[in-house]
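Structures for review follow.
First chain A sits with chain B, and in the next complex the same chain sits with chain C.
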Partner chain A sequence: MIAYLATIVLLFLLAPILLSFIKALKMVLLFKKPVSVFQGYRNFSKLMHKETIISRETSSITRYAPFLVLSPLLVVMFFLPPVVHGAYYVSFVDAFTITGLISLSTFFLMLLGLDSASAFGGMGSSREAFISALVEPAMVLTVFSVSMMAGDLGVGQAGVNLAEHFPQEHMASFLFAGISFFILLIAENGRIPIDNPETHLELTMVHEAMILDLTGVYLALIETASSVKFVIFASLFVSLFIPLGLEYSTPIAILVFVAKLFAVAVAVALLEVNTAKLRLFKVPNLLGISIVFAFLSLITFYVLGA
Partner chain B sequence: MFQFDTLSMIFIALILLGVIPNLFYSSGYLPHIDRKVHYLLHYFAFIGSMLGVVVSANALMFLFFWELMSLTSWQLILTEVKDKNTISAARFYFLMTHFGFIFLLLFFLIVTNGNLDVGFAEMKNIASGFMYPTVLFFFLVLGFLSKAGAVPLHVWLPYAHPAAPSPVSALMSGVMLKVAIYGMFRFLFDVLYPWPLEWGIVILVIGSLSSIIGVLYALSEHDIKALLANHSIENIGIILIGFGMGMIFDSLNLKVLSTFSFIAALFHTFNHMSFKSLLFMGAGSVLHQTHTKNIEKYGGLIKTMPITALTFLLASISISALPPSNGFLSEWMIFQSMLGSSHIDNMPLKLAIPFAVFALAVTGGLAIACFVKAYGITFLGLHRSTNAKHAHEVNFLMTAGMILMSLVVISLMLFTPFYIGWFDEALAGLGKVSVYAKIFPSGIWNMHSVSVHGGIVSPLVLLASLTGVTALLMFGYKAMKVKERVHNTWGCGYKTGAKTQYSATGFAGPIRRFFNWLYKPDEHFTKQTIAGHQSKFSDSYYEVHVKPLFETSLYTSVAKAANFISYWVYRLAHFEQIRYTAMIFNLMLLVLFSYRIFSHEFSWATFALESVIMMISIKVFIIGDKK
Partner chain C sequence: MIDFLIGLFLATLITALFTTRLYRLLWWYSLNSLMLGFLALFIGRELDDKAMLITGIATIIIKAIGIPFVLKNLSQKFHFVRQVIPRIKVQYAIMLIPAILVFTFYLSEPITHMIKSNSNYVAISISSLFLSLLLMIEHKNVAPKIIGFLSMENALFLLGITATEGMPMLVELGIFFDLLMAIVVINLLFHKEEMKV
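Up next is the complex of A and B:
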């Protein structure tokens, strides 16, 4: 139980560091002076001390939605797979519920975008609705396929099963599902090539456009939500698709886990440096690839025999 | 004459849950109806006939109440005739519902041997002796699904539901469609029981198509009630996916999974009744205040109509299948039943089920987009018209109806185990395996899927943890005593106004563009440019209208073909007498030639020669010269 709670706290603390790390690594690769990896904390404390400005056009949705964006993601943090051997994990919530909770968070984020009567907010919501509608099927199919291979739909149990008996004979479907999930990780977290988190240009904004009117604590909540979302996806990815290191003793297992998270961050940073953002109407192609890989994963699993 | 088994009781409960809040809403709405007696008479007859359908125990009673239900709802659509569209919508509804009725009548005439008094048990005997059970199955599908609004018999919904007064559209969409689902349950279980595998697949395919097509057309719709009507098509599709999976599992002898899928379908039937009635009531209140169904004329209504906005939000979350709502739970069950397809041995079928999973998942994603649009454009932002500016909360009775209906939604969310236990009992009564103990093996907290490696969900834990975490965060925010300042929305230095907001058309723009091949939208764009500059204009107007594909391809082209044929029949009937002789001559030629072909030897050479002779004689004698 202690290991369980400690993992959640660790992930929560790691969340801003991971995003700042990606940013710093990108800056290094572009020969810029990098930001500190603790920049996320600095931003957070700066925002916490600011006053909140609420726009005149908004309704009560703006006052509640930031909390409702963050809270489903915080709840998901409690359902993640275990990091150390023998740690407690939640067995009564399955992967569908987790995707549902993430959608709930996105739902309120989209409403928030529409609430401020600004053209930016509507634009961001509209694009986000488009992207997340196409992410949903890929997500469900990938979850379906992984649950087959892991022998359980609950992510906690699935992580343990994969670490203990890795399905060697289903390596092909495992890889396909992994590729599909990585694309989803990028799409859901609004990274390049789907969305550029650093720009404030109306042609390219998706996530930033929805929260353009927020400041102070509300913005801090949303920023926390996006870093938590990244850490959720990264830890799901490393627990389900790189199931190594669970068998070591506690300190080493945690170190291995954190190293894997940073490896994902490095992969995302390298991808971001090396690709340009896709046009909005090219995004479905990328998500289509993800859907096709998810299908392939299921089909190879069935055809090669369970 | 009447029977009250558990399935009937379930549907009585469904009707009552849908009707009681509606009575409040309806009485609040009543002062705005001119033909009060007409309305009330048909309203209560409609409710009574729905109750009659679900309790009748023989074909005659069933058909009587079914027809009464159709006729009263048809008259209810005609309560407020404001324009020609209402009349044509009602006529279309009348036609479609009687199209279905013919097939039901045929079905009953066959399974009762013409004696409409016999009970269901006797019908089963006759049906099992009938040589072509698939014909009976298709009669049922055409009869009930034309009422339920499944593809391709769904086209009347987006016309009929908006035309009816709001309480009636809530009843029609929320309750009447479910009576058709009752018919599917009753007659497939009681009369046509051993199902071949193909029947289940047919239902599954219809369900998947309906769900995707319903949600896609809902997205492109600007009339809020038509949008909701299209969502009814989607949800009926989801129910049918569950139903079809149940039939497939049953014919493959996976009885436990089969019952699980049927429970999922029944649960979604209840959920759809609750949130769709609530959405129609909310839409009705908005319509009542703003006097327009056009979603582009709303905006900012949450400030003046808080109760409507809150209940609409609850229903939107539920219909978008977001946890921890009841809509999520039933869609979760349907997903779980499809995951059970890994138990199927039939490889092609096993490989095909993921496509249905895909359909359901796309539907879920698009439904979220659609309800963000419906909610965001209607209730958030700035008001887009003067009527929206002067809107205020509807009267007490109407709000009471909405609040009662949201209590129904919440009760379905909180008392899921109770409802599932009840559905399980009904299915056990119809000869299925009971699975309640498998869904809730350890108390009511965790809901298990019945397939091996299936998922688990704990609705109450989820609800409690979500509210707990949110409350904690908000309490923390309050404790911090942050200074708040109110200021204008940032608009790049321009003024933020109603016109600068995103419109519903714009919101659905990316998705509409992606599905352009399906929508084939009809775009109207005019702008008044200033001094010949392309990019400077004083006034511009853009409107897009999407004509449903099924309507153009299936219905309009059928009408065109009928017109074409009738033109030629007319031509034929007005020939000169000499041509009749020519026709008789050609007919004789045809008979002689075909006699030779069918009863003697066949050779391509003579066939070609004879065809040429036929063509020449038709051309010369019948068609003749062009005038």
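Up next is the complex of A and C:
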């Protein structure tokens, strides 16, 4: 139980560090002076001290929505697969619950964008709806097919089963599911081929457009939510698709897990440096590839058993 | 490991189907051939077949490095259009590709009963044959059609190494010679294309 709670706290603390690490690595690769890894914390404390101003046009949704964006994601953190051997975990929560909770958070984010009645907010919300509608089927298919390979529908149990008995004979369908999930990780977190998290240019914004009107504590909450979302996806990716290191003793297992999270961050940073942002109407192509791979993984598993 | 490589083989082919740039298409073809070469090396090591090791190395040198390089040079020389948009729209391709895969997986089921070892690989190579056919169908320009033809050859090679547990060396070298002839013919086609323009 202590290991379970400690893992959740660790993930929560790692979340801003991971995003700042991606930013710093990108800056190093572009020959800029990198930001500190703890920049996420600094931004958080700065925003906490700032005055919170709310537009006169908004309804009460703006006051509730930031909390409702963050809370489903915090609930999802309790359902993730375990990091150390013998730790407590929730075994019965399946792909539908996790996808549903993540889309609940996205729903409130979209409401928040619409509520301020600015042109940007509505545009950002409609784009976010467009992207997340395509992400969800692929996400359910992918996690489902991995659960099939692991022999259990619960995501936590699937992570444990995969670490204990790696499906060597299903390597091909495992690989397809991995490719699909990595595309989803990028799409759902608004990283570069889908959305650029760093610009405030109206043509490229998706995530930034929705939170343009927020200040102070509410902005801090939303930024925390987006970093928590990244850490949820990254830890799902590493515990389902790189199931190594669960059998070691507790400190080494945690070190291996953190190293895997940073490896995912490095992969995302390299991808962001090397690709240009896609045009919005090209985004369905990328997500279509992801859906095709998720489906392919499922049928390869069912028909061929490979 | 062989399952992993065969997965990458199919994955690179599917990604090539969605590509809209010529050089990117050549890159995916090159990766596809690289995976094929590694597969031949792994299967050759498993069967302890020296001839297959040689064909594996020849595949990596000729198909993964040589042919993409030559094709890139040719397309630079003749100033080809580098934007190759598939004629089948993406939203239809998303439905078509899984349909083809399901169809071919079930199609090859009677054959897979006849083969004792690695029966899955036959199904995957037949499906990649159909996918390369789709790559040929969905493009209007000559260059992507040639990539489709070459991927089809890759799929046949995969069928050869997985289903028969090693073809005779002579046959495989004959296929390579065929391929070189095909490249010469392609060169002529490119000339003709340029004369039309």
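List of remarks:
Going forward, the second predicted complex is superposed on the first by the 304 of 306 C-alpha atoms of A that agree within 3 Å, B and C clash if a C-alpha of one lies under 4 Å from a C-alpha of the other, contacts with A are read in each partner's own complex, and residues count from 1 in each chain.
We adopt the following convention: a contact is a pair of C-beta atoms (placed from the backbone, for glycine too) under 8 Å apart; a residue touches a chain by one contact, two chains touch by 3 or more.
The model shown is predicted, which means the values in this text are computed figures rather than measured ones.
When both complexes are overlaid on chain A, the residue A:Ile291 reaches chain B and chain C alike.
By the touch criterion defined above, A:Phe281 reaches chain B but does not reach chain C. By the touch criterion defined above, A:Ile299 reaches both chain B and chain C.
Once the two complexes are overlaid on the shared chain, A:Gly100 sits against chain B while remaining clear of chain C. When the two structures are aligned on the shared chain, A:Gln168 is found in touch with chain C, with no touch to chain B. One of chain B and chain C touches more residues of chain A, and that partner is B.
Of the two partner chains placed by superposition, only chain C is touched by A:Ile179; chain B is not.
Contacts of A:Leu80 after superposition: neither chain B nor chain C is touched. Of the two partner chains, neither chain B nor chain C is touched by A:Val264. Counting contacts as defined above, chain A residues 284, 291, 295, 299, 303, 306 meet chain B in one complex and chain C in the other. Chain A contributes residues 168-176, 179, 284-285, 288-289, 291-293, 295-296, 299-300, 303-306 to its touches with chain C in the complex. Against chain A, in their complex, chain C makes its touches with residues 1, 3-4, 6-8, 10-11, 14-15, 18, 90-91, 93-94, 97-98, 101-102, 105-106, 109, 120, 123-124.
Considering their complex, residues 300, 302-303, 306, 317, 320-323, 328, 332, 335-336, 339, 342, 347, 350-351, 354, 357-358, 360-362, 364-366, 368-369, 372-373, 375-377, 379-382, 445-446, 449, 453-458, 461-462, 465-466, 469-470, 473-474, 477, 480, 482-491, 496, 498, 500-502, 506-511, 513-514 of chain B touch chain A.
Partner chain B is touched in their complex by these residues of chain A: 48, 51-61, 64, 67-68, 70-72, 74-75, 78, 91-97, 100-101, 103-104, 106-107, 110-111, 113-119, 121-123, 125-127, 129-130, 132-137, 139-141, 144, 147-148, 151-154, 212-213, 216-217, 221, 280-281, 284, 291, 295, 298-299, 302-303, 306.
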